[in-house]
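As structure tokens, here come the structures.
Both complexes shown next keep subunit A, but they swap its partner, so subunit B is in the first and subunit C is in the second.
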Partner chain A sequence: MSKIKFTRKMLSIPYAVFMILFVVIPLLLVVFYAFTDAEGNFSLGNVVTFFSNSTNLNTFVISILIGVATTALCLLIGYPVAMILAKKEYKFGGVFVMLFVMPMWINFVLRTAATRDLLFWLGISGGEQPYSATMIGMVYNYLPFVILPLYTTMLKMDRSLIEASMDLGCNKVQTFVKTIIPMTMPGIVSAASMVFMPTMSSYVISDVMGERQISLIGNTIQTYFDKSLWNMGSFIALVMMIIILITSFMTRNVEKQEDARGSLW
Partner chain B sequence: MAKKDDIIISIQNVSKEFDDVLVVDDFNLYIKKGEFVTFLGPSGCGKTTTLRMIAGFEMPTSGKILLNGEDITNLPPYKRPVNTVFQRYALFPHLDVYENVAFGLKLKKIKATVTDKKGNVKEIERKLTREEIDEKVRKALRIVDLEELEWRDISTLSGGQQQRIAIARAIVNEPEILLLDEPLGALDLKMRKEMQLELKEMHRKLGITFIYVTHDQEEALTMSDTIVIMKDGMIQQIGTPEDIYNEPENAFVADFIGESNIYEGTMVGDKKIRFLNHVFDCVDEFPIHEKVDVVLRPEDIKLAPVNQGMVNGKLTSKVFKGVHYEYVMMVGRSEVVIQDTRNLDINCEASISVVPFDIHIMKKEFVSNMYDAYIDKNNKVVISEEPFECDVTQLIPGTVLDEDGYLVDKDGKRYDLTDADVKVEVGLKDIEIADDEEEGNITGEIVSIIYKGDHYQVIVRTEEDEDFVVDTEYTWNELDRVSVKIAKEKIKMTLKQEAKNYVKD
Partner chain C sequence: MVKKIFAKSYVALILCLMYAPIFVLIAFSFTTSTLIGDWSGFSLELYTSLFKNKEIMEALKNTVLIALSSAVVSTILGTLGAIGIFYCKKKVRRTFEFIGQIPILNPEIVTALSLTILFVFLGIKFNFITLMIGHIILTIPFVVLSITPKLKQMDSNVYEAALDLGAKPSTALRKVVIPEIIPGILSGFILAVTLSLDDYIITAFTRNNSFQTISTYVYGVTAKKGALPPTLRALTTIIFIVTLVLLILLNLKGKKKEVRR
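And then the complex of A and B:
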């Protein structure tokens, strides 16, 4: 009997087993449940139910809108912050990045609950303004994920390109639009995808901040699963997965174009 | 002096400080239209900073920059009719070759006259049309020989190609002045030589003013109409390549440009100078007895059999250099480097001769070290924030030190010299340098070494930016960290104020 030779390839076995058990099989299960009925027979019933139920479609559209709005707000706030932090003349850049990242060390649910109470104290109550409260909660939670990739992209950005742009006739605004934004595009894309994907599916923030007044797609899935309607829940999860797949595919394309610099992925 | 309307740019008393460090010191220069000017100097000499002030990326701390007689000192870069070719090209990676070159044109506004419906002729500002841009971009790409690469991605181009695109991107805007910041630094030697000639040709064709920054003396000599040699933020010499090579103003310039033998000599008569233990005739006039620096270019020295030339010596080494051999001859303790096309035997006696015209005499840059210093309470002299042992009794003649540290003259008058300002003079040969940083009083970095035949002249710069110029027989390396020590009796001091101000009552 020949001795089993230990090769480098064998090192991948644990990894492969893990992937099959925790990624491939669950994914297949989701797909299986999405296209079967409660008895386990193949059916397109879930497709019909989802697209004919106006509540579900509403939730879906609202989720996307909130995702887009949160992403836009995060970029609007995070971009200037990252720009200031990345300035070489700014000596406390490192400390400030730390300050923005530090809240992430605190438990997510606890932090969100604290944000809700703080907002309530400031006069924005989740019961009365569920959308604003949810958005504030999301922006607060995901801001670090925007600042970090933007910050790293900007640190690596060649300053002489800004000078070249000014040299060729761009004033400060034109330089920003024509040079700085395109140069930091990889950072913007990876920041946007890091915010958009989780906000779409998160339900804890909307639950806590909106005091269960609004229902996002994550909440819908949770509701179906709570009622043991596995098939319908799985179908919605599959739809979400396809959307995320599409966005990350688009992201990949942009990053390839931009030399994939400064991406966090 | 050139005619006033010939001058395109004039830089007047421009200085630039970064964090209290003077990088450019009182820079004065005017440049004529169509001239190819090179700023040449070692790294950190302020040449790039000067260029950046012309481009508008840095604002001078003081002084003025005039372009065609108009003050542009505080004008932002985008309002200046000046374009830059950057050291690392700085091409936009998100745009292709065509878009990079067209970048400036798309922003440009030109004046045009139009006739409206009523027949009125109006002057308006308009952007360039697509066709105009297209034509200009193609023309620029043709000039740099890269027409076929229009739609290529920047990242797929070689260094040389990127360099050409960077030049095309700048010249397409038809600037009045083209600034080039070490544009060939990243290319290999062969490529660099080719580009040098091409740039020169481009300059001739375009007829615009080029300001070129480099640390490569050969590049400067090949390309320029005028060379500006800089060191420590100050202009050392301005002149044509020929002037600078043949008539260097000081030992730094002679050492920086080309190969040279530099010696210390003394004027011994009218147009007579003594160095290498021989009195030579020369053409430069200097006062008699003045100590001067002498430059002999290796190719100007003629080798001859022993006793047939002016000075005898022993040939000690020979290196083949392609066109010629490079010989080293020892004359006493001085080395003489000689270039000769003949293949001669070495380790034998020979002689050299130089015609008077080829002996270049320069004023000495340093005669001795002078410092503004003060006396501390321990009767030490503080130079560059560091106390040195010294003999304070020389400050007030006829005094001695008492046990309390006061100077007492013969009448019993006591002087307290604490904090007294003094002028200190130390001879170049009176300073010693040591590897061991603990050994001397103060440490610094060697910033310059010039070989003078039988010794080196080394400049040690301290953290306080004070220079110690030292003549030493030992070989040191640039950027070495060394310590400086001065023997107590070698420090010569004089009080800045009168002695009576320090009388203690």
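And then the complex of A and C:
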């Protein structure tokens, strides 16, 4: 036997080393690159370039707007679906949720291209209407991500509270606003965060649906990546991380249910 | 009653919309016309040309290869990590739980860029290993997330009992802990495979440019040239049928287990 006594904690060493090497250090490098120039000297040049470049700022605003619009549309369409499926009298709710998730197993680029071909057949071409085509593609792609967390929170919802609110004289609208929405808030928040960030940052859907006419933050980072301009790319990545940090800090109190995200799968 | 019908038809309508692109693609995989919506008679030609298309077959092989190999490594590393960290002191555990959240919260493009910068910084050329690392980082947090709840549910005295009865720690782990958390390990593995199969951004950043997966291949042809090449319709059909069969099998197996219990 070796001198070092085996404990269960030691099992985590490879994982810990791996995570530090490939998650923590790369992030520190991003921060380092964001505030240095190509020669490695400290500089705020990236900050200045970013905020003085109107194309970059436009891209940023458009990305956020598309993100917000997609999230809102997904919630508007997905909330009623989840609510109907979570009803007790609906025996096959679980099966239907599976059906909603199943398209996600088909490669996502293929699925997006399929949507584009169908829209083209219906007369909506990404070349002429890049924004509507992109929005349709995004809502189509992210809808399952909204339905699942909402469905799981609605299953856990205490139904007697809804009855109580009706008994106490609330009408249907009041009951919905004052009891159902607050009770499903964790699901709404986790659904929204699962849609907002990827829509804002992924460039695949907008490239395929909008025939490369729309540029999102993801495109900007990718362009800098192609040109090997790591410093500028890092700065934009850092800005995105700060946005996430702020949003996750704001939603931390609501999203106490830690399994809301994990239960997607 | 009217409300019920209305509710049901709403769900049905959304479901139809979700499946419309896929079903249209499947229908038009049995004809040879280049454009969707233009039926030129039934034919299986797209299927034969799909299997003859070396580029697509290579991409398919690569996709499966990277998905399976990264999922295996990710599951092993993640399982050991989840067990080890679960028994660490609270501070260490909290720290690693936080680090594990980073790749989930960060948009994929940030993860991809940060890894790329690391490899560039270290002067490492992009190859299969860098791509593997990218996919492991993408999937490992989800493996850990699907195992940790099982560890929480487990009776911690069982491991101690095994040790008291004379089992070596490694035997106790193998015979007591692993069997308890095996459902979590399996679902973690399946999740890792699905995430890896579907990935585009991390693959695009960390691969060697000659290495094509289905995602990068399809992106390459559609983002530049427009419509999906007809042979890919046949591929979609095959992927759809394979996932349908796999899902039904997995569900039947789950049902059987429930019945036994």
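As a convention for this text, the second predicted complex is superposed on the first by the 253 of 265 C-alpha atoms of A that agree within 3 Å, B and C clash if a C-alpha of one lies under 4 Å from a C-alpha of the other, contacts with A are read in each partner's own complex, and residues count from 1 in each chain.
Keep this in mind: a contact is a pair of C-beta atoms (placed from the backbone, for glycine too) under 8 Å apart; a residue touches a chain by one contact, two chains touch by 3 or more.
Here the structure is a predicted model, which is why all the values come from computation and not from measurement.
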Touched subunit A residues, subunit B compared with subunit C: C
Touching partner for A:158 - first (subunit B), second (subunit C), both, neither: first
Which superposed partner A:48 touches (first subunit B, second subunit C, both, neither): neither
Contacts of A:182 with subunit B and subunit C, given as first, second, both or neither: first
First, second, both or neither for A:65, with subunit B first and subunit C second: neither
On subunit A, the residue positions that both subunit B and subunit C contact, one per complex: 259
Subunit C partner contacts - residues on subunit A that touch it in the complex: 6-16, 18-20, 22-27, 29-30, 33, 77, 80-81, 84-85, 96, 98-100, 102-111, 113-118, 120-121, 140, 143-144, 197-198, 200-204, 207-208, 211-212, 217-218, 221-222, 225, 228, 230, 233-234, 237, 240-241, 244, 248, 259, 261-262, 265
Subunit B contact footprint on subunit A (complex, rising order): 158, 160-161, 163-171, 174, 178-179, 182-183, 185, 257-259
List of subunit C residues in touch with subunit A within their complex: 7-8, 10-11, 14-15, 17-22, 24-25, 35-37, 77-78, 80-85, 87-88, 96, 99-100, 102-110, 113-118, 120-121, 133, 136-137, 140, 142, 144-146, 149, 169-170, 173, 187, 191, 194, 197-198, 200-201, 205, 214-215, 218-219, 222-223, 226-228, 232, 235-236, 239-240, 243-244, 247, 251
Interfacial residue positions of subunit B with respect to subunit A in the complex: 55-57, 76-78, 82-84, 86-88, 90-95, 103-104, 107-108, 155, 169-170, 173
